[in-house]
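So the structure is just underneath, and the comments pick up after that.
Chain nomenclature is as follows: A, B and C, assigned in order of appearance, with residue numbering initiated at 1 for each chain independently.
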Amino acid sequence: MISPYYLQLIILVGINTIMALSLNLIIGYTGQLSIGHAAFMSLGAYCSALLTLHFNLPFIVSLLGGALFAAFFGILIGIPTLKLKGDYLAIATLGFGEIVRIVCLNLEITGGAVGLRGIPKKTTLLWVVLAVLITAFILNRIIKSRIGRALIAIREDETAADAMGINSTYYKILCFGVGAFFAGLGGGLFAHYMRFLHPKSFDFMKSIEQLCMVVLGGLGNMWGSFVGATILTVVPEMLRSVADLRLLIYGAVLILMMRVRPQGILGESPANGGFKNNSYSQWIQTRLKKSLRKRSGSDKT
Amino acid sequence: MSRHSILTATGVSHSFGGLVALEDIDFKIYQQEIVGLIGPNGAGKTTLFNLFTGHYKPTEGEIYFNNQRINGLKPYQITPKGIARTFQNIRLFKQMSVLDNVLIGQHCRTRTGLVGAVLRTPRTKKEEARAREHAMEMLSFVNLEEKKDEKASNLSYGEQRRLEIARALATDPLLLLLDEPAAGMNPHETIELIKLVRQIRDQMKITILLIEHDMKMVMGISERVAVLNYGKMIAEGTPQEVQNNEEVIRAYLGETA
Amino acid sequence: MFVQQLMNGLILGSTYALIALGYTMVYGIIELINFAHGEIYMFGAFVGLILVTVLKVPFFLAFLLAMAASALLGITIEYLAYRPLRRSSRLAALISAIGASIFLSNLALLIMGSTPYNFPTPFEAKVYETPFFIISRVEILVLLSSLLLMIALTLIVQKTKIGKAMRAVAQDKDTASLMGININKIVTITFAIGSALGGAAGVMVGIYFRTVTPTMGLMPGLKGFVAAVVGGIGNIPGAMLGGILLGIAEVLGAAYISSQYRDAVAFALLILVLLLKPSGLLGKPVQEKV
């Protein structure tokens, strides 16, 4: 049989894969930079744990309840903020993530700063494997459908997508809702595996870690999310013997990775999928064209 | 051909923070005609396009399409009503395949939602098959069916222009707005384009409004030409009439002088 | 009481403003959220601390040296982590910045350990009383030096040749380089000035709250960034206004709403501003090109 140590590692890889897959839908496919994904995970985690603790609901019901709760917040926060573009959206998601963390730190029902204890252990390897497969299956179906095409079109060129009759705000909110749903599912599994929840587990660094998994594996690539989640779960474990150096190496690897292979391990395009249009050189080119046009006095309005 | 107007703009003005780009434009497009929109750089041609497609909201005035008021509507609301466009600076979905680009055009004519997408119901499959068939038709119409699996960014410039037209046609429009479709094309490609535009009108019964700087093309293809200068409509009429209009000559000579 | 709170908010806010300036200047020039800026602030505090306690350098000299060291660190980060990525995507640069931030805070943790250090007060703690509020010497020092630094910065940006070049680059890199401005040099100078201000804020917060830790950069870093966005990112007076508003909002929020939600006030303010005026209080809205 698998030793408990490896079992735990596999379960964490699975949960992180769900997190990375759902974030990839938002960042990699729809091109919306979110750096507050851990907030949705925590909403799902706390909600499902409380459903189990207070109502003693079957595990599947608690999990779905947590996921729906997270999805509800995903839509709620998405409605006003998804009008914002690029960096501004990222900042708003960061703000949201911090607010959720601080609220969880102060509410009585979440156990406040002490944390939520005594959650029954219900997450098993089977549950995690099933959840990963279902997440991958559903997200894959969405991506390969009319909806997925619309999401990718928004990533590629939102103005052109609008002109094709795509209600980009609606689809961005939809993608946020779906992404938050699966993040909530991952949170529920996490809660019933760790048996203890603390807002610290879902801080800004956690969101960044999840972002790194997606980028490392490759934006807009489902297998990439799996690879990224596996590497960023297993490698820090292996580095446990040099615990002090762990995060130091983590930071250095991120910088090096962006220099050597910014599109991620399985990313295709040399310029990072949907963020291609934002690349610095292209930006310079458009600026140059614009200033030239300004001089000739054209109407590129 | 009936002289029934498909698009009517009355008293339309648009300004960018005090800077007037268009002033009091009255303009009509009749069903199944090919209209050319010309004018010197900065005259407001693309701005007028953006008002018709909902990318901008007119500061003043009314725009009716097919007897429905459309000013103030968003692009995604206007496109299903039957206005499609191409862009001056080609805006394809570069990382997507040629076929997927055209399939996006079918977006507003299909209905599959989240549940249908995940369960892949018979209805979804049927709709997807129909959309694909339609998209392939559009691709062969612009002679790109062999490139369907190519990435859009790998196409040549002329092919990208044609793909943009196919994508616009896939929205099943009644009115097609072409923004400088011949820009950057060689003479041979321009001749092919003229043929294509005529085919779109004759075979698909689609009304066409095009912005163009290539005078030979505009005058050769348009049945009616409208001229913008400094945000005002200074002339309108047959290519012949417009070419002989003194104000137009002045506007153009004034630019080149 | 209210005036007192306002005063406390102003003092806290002036440090946020100094941090925000670093973010805003860098963003204005290369459109990058410099996530490592919070660590530069932490670094400045440590350099100041070491100079004062170990090397017994006089406080004001230590203060200036800490600013210089922070400037050097900022330049190094730009050179190693951002400059090679100018031609790749903005997301790549953002991840690299995050990497730099993680690296630096953990390097500090490794060297300095996790126990907080006590920053000795540079002079005897004296408190002045006015009819409306009381203020300590340290507070006066923080307030005055932030004010001086902000005035100096404004003068540099508005009056000097370098400042003119910085504004030109921020507005239009291509035209600026056509005019013979060395973009790399301007980016370096921008990082140097922004980081020096961040380091100054680090030292001031060190003597104000009397503690210095390797992780002290995270929260003020985020808040300085929030302040920059609230004021309108890329806008220098905006960063000052945003920082001071944020400081006041935070202190008033803690005093009159709930002290536990103190940190949430900043982020709530952020989201509110983003929703009402996404370009920030002093930022100019940009019309999207079609």
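Odds and ends about this structure:
Throughout what follows, contacts are C-beta pairs under 8 Å (C-beta built on N, C-alpha and C of every residue); 3 or more make two chains touch, one makes a residue touch a chain.
This is a predicted model, so every value here is computed, not measured.
Distance from the centre of chain B peaks at C, each centre being the average of the chain's Cα atoms. Nearest to the global CA centroid, when each chain is reduced to the mean of its CA atoms, is chain A. Centroids of chain A and chain B (each the mean of its C-alpha atoms) stand 38 Å apart.
Inter-chain centre distance (chain B to chain C, centres taken as mean C-alpha positions): 49 Å. One inter-chain figure worth recording: chain A and chain C are separated by 28 Å, centre to centre, where each centre is the mean of the chain's CA atoms.
Across the assembly, chain B contributes residues 16, 46, 50, 55, 87 that each touch 2 or more other chains.
Among the residues of chain A, those in touch with two or more other chains are 159, 276, 300-301.
Residue positions of chain C with contacts to 2 or more other chains are 290. Per the touch definition, chain C reaches chain A in the complex via residues 31, 33, 80-81, 84-96, 98-107, 109-110, 172-175, 218, 222, 225-226, 229, 233, 258, 260-261, 263-264, 267-268, 270-271, 274-275, 278, 288-290. The touching residues of chain A, counted against chain B in their complex, run 138, 141-142, 145-150, 152-153, 156-157, 159-168, 174, 178, 269, 273-274, 276, 296-301. Those residues of chain B that touch chain A in the complex are listed here as 16, 21, 41-47, 50, 53, 55, 74-76, 79-80, 84-85, 87-89, 91-96, 100, 103-105, 107-108, 110, 112-114, 116-120, 124, 127-128, 131, 167, 171. The touching residues of chain A, counted against chain C in their complex, run 33, 80-81, 83-84, 86-88, 90-92, 94-96, 98-99, 102-103, 105-106, 159, 204-205, 208, 211-212, 215, 219, 244-248, 250-255, 257-259, 262, 271-272, 275-276, 278-281, 283-284, 287-288, 291, 300-301.
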